[in-house]
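Common to both upcoming complexes is chain A, partnered first by chain B, then by chain C.
Coming up: the complex of A and B.
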């Protein structure tokens, strides 16, 4: 590529691009936190034989699985203000149209993760032996108590490998947010490119950061997995 | 502002008109990736010197690269390098007349070759070593054993994961919209630009994707049922161990995410 890629320019651009990593990490943290909470309830709703809710949840999961995240983000971005702006403006005094677009991205990823993590949780929860629940009942715990104190903590142990893969996937999915004009790694690379006329260095910086951080996250989850499983499940 | 049904319908029809682009992108990339993935997985399974190490390192690194970044990066490299290369090769086609879709193909095939090769490697592990030995013992060559004994046994192991990765590929093919290829999403947005009815356009695109995804799911379900029949009968013959089944399940979980 010779003249297209200049190492000095790369060194100049790299720190500027990496300074925007906070946006990506914030999206990952927020959406994983709320996504995990949502996923537990999605998994519960799929496991319990509640007539209407069960069908709604399966349609929801099918939609989240069958449509691209980018489209979901766009629907959240255009759809939520359209549906709820009057309610929010009158009740909470929040103008949804002025809200940062990061929030809509986070809502989309949370809903998406609710479906994907929900399936992972469902597998883990149904893998816990029924004896555990019976033991909890036998010492007088209620249904909710036995679930949240006995079954759920044990299922956390089982989902670690899948959860790690999922988290890395969410981090990689944050690369889509620049299409909504959010200045994240890729968005910063794009703006720098527009300002200086040399886009390639910025994009290569973003590529390196994405690959490095994905590998670090994967390594971290592998270590956690080894630590946890070395004590026996 | 309300949800306009007429705009939605117009977007929906427009999306269906461009659905063939997405379906071609998905199908062709999937077949090529499957083929390349099989080759890479075979090389890595038999631990071919040098090559298997190179592929292992490459796949580990490449799996860390998000598809969107890859597509945007390849597009940029193509845009900047094309004029010079065309000048050297005496190609007189201006850059504006070249369809950027092959960049999409390239990025999708690269990404999914890595993902599929990982799951095929998992399936290799799911077939017991005894099967290879049985093949050799009746005088088959390595290739014959692979083609006649091992690969057919890998099909039922692979199917559930393949369904997930096919749907994943369908969704990933949506990302080529970033390099202004008109596929389902951009197709659905064509009428939206006129009326500013973006929500209707995106909902229409989601619906078309959903229909295609559901079709894949139903087909795969049918296939799995058929293959499962065979598998139920011969589970003990393949000599799969509990551990290997567990490993396959894990590799499928990886795909589920993708």
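Coming up: the complex of A and C.
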């Protein structure tokens, strides 16, 4: 039977697990990049009351916030090819069923982040006192000047801490992708566990990697925060 | 120079301004007095389109603007030829004192950075803040912040400055330094419209005093007329209440 945890097995498994980190990092990078862009539009649409769009966005946000990410991933993975495969095959010549499943995961996280980050952005922008905008208008600035030079830079200070937390959250959420058969950190740990009959070493490796990266990301955002906070309140 | 006619403004069902008309000549210092809720701040904000008046017209220089149909470029024209000093200073929190003053010069008047910096420094020197160029608003006292606010206004060389209770948020001991500065601005001959509760300031500096109550102009005239010999009962009540609150130093 032997022990549940063996250090030598751990040393054997760890490099194999960490070698899959690229999958997680790629998902984080891609979904944060496009998620942030989407979120800017979501926030702007929420701040500017445009009749129909406003309702659509509010339904979208409550759907994204009201369902688990795992469910959203499943729906993206199984639903998108079902709905759109004919269109994509005929119009773009792309067979959705052949696409890498990572892409569907990324679509799900991008849509999810669009909602969550969008609300963070909107909250931060509307938290800036109205007098800041009024002061900008009073010296003759246009709406765009006031937004980009006065309001937005000030809201960064509120956005950055929340963005950092969100990013760490996304990184941890990438652990869900192994349920769709993608071999990421956790997927690798699970496969190794199944192959060797020793599961704990792989999962502990994954834990260490997750913690280490989360701490690094947290530290990075703390540094950025301090720089941005330099002008006080 | 500025003439407003029939300005009306409601917030929901509450009618804040009921047909207000005033006239301000070039170089004149006009002080608007009135109790809280009389509509004087709203009126001032309407002039600079920080609040959108429901009705009325404004003659600004040689332009006549209807508040109901005011276009973007008309609003910008008024804002670019006037300046506003806020009750709670309204300094840009993400910019230093110097940058606060430079912002309008570079972004709105499109002056070069060097020229803007020169003007901004001169103006800050003039308001007595030559040692505070690189301080952020959060690092300045209330009085200093308001002096930056005034510097930001006058650096733009506006035709008129609108002051919205510029000393109401200040500690009593800081009120003096800001009032002195506003007097100094008045002596430069800039047209000024001041909403304030500082009676002695109004008496000293104003060319004309307007007394507002419940959204209408109750009385207007020279400070001596208003303070010494008010015609309207409402003005008399207000003045007696305010003046009795001011400290007396008689022995």
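Criterion: the second predicted complex is superposed on the first by the 196 of 233 C-alpha atoms of A that agree within 3 Å, B and C clash if a C-alpha of one lies under 4 Å from a C-alpha of the other, contacts with A are read in each partner's own complex, and residues count from 1 in each chain.
In the analysis below, a contact is a pair of C-beta atoms (placed from the backbone, for glycine too) under 8 Å apart; a residue touches a chain by one contact, two chains touch by 3 or more.
For clarity, every value in this text was computed on a predicted model and none was experimentally measured.
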Touching partner for A:149 - first (chain B), second (chain C), both, neither: second
Partner chain in contact with A:71 - chain B first, chain C second, else both or neither: first
Chain B versus chain C as contact partner of A:162, first or second or both or neither: first
Which superposed partner A:211 touches (first chain B, second chain C, both, neither): first
Per-residue contact with chain A, leading partner among chain C and chain B: B
Contacts of A:58 with chain B and chain C, given as first, second, both or neither: neither
Partner chain in contact with A:135 - chain B first, chain C second, else both or neither: second
Complex contact set, residues of chain C against chain A: 48-50, 76, 79-80, 82-84, 86, 88, 90-94, 96, 103-104, 107-108, 136, 138-139, 152, 156
Interfacial residue positions of chain A with respect to chain C in the complex: 131-132, 134-142, 145, 149-150, 153-154, 231-233
Interface residues, chain B side, partner chain A - complex: 1-3, 60-61, 63-70, 72-73, 76-77, 80-81, 167, 170-172, 174-175, 177-178, 185, 198-199, 202-203, 205-206, 209-210, 212-214, 217, 250, 253-254, 256-258
Chain B contact footprint on chain A (complex, rising order): 1, 4, 62-63, 65-72, 74-75, 78-79, 82, 116, 119-120, 161-162, 165-166, 168-169, 172-173, 175-176, 179, 186, 199-200, 203-204, 206-207, 210-215, 218
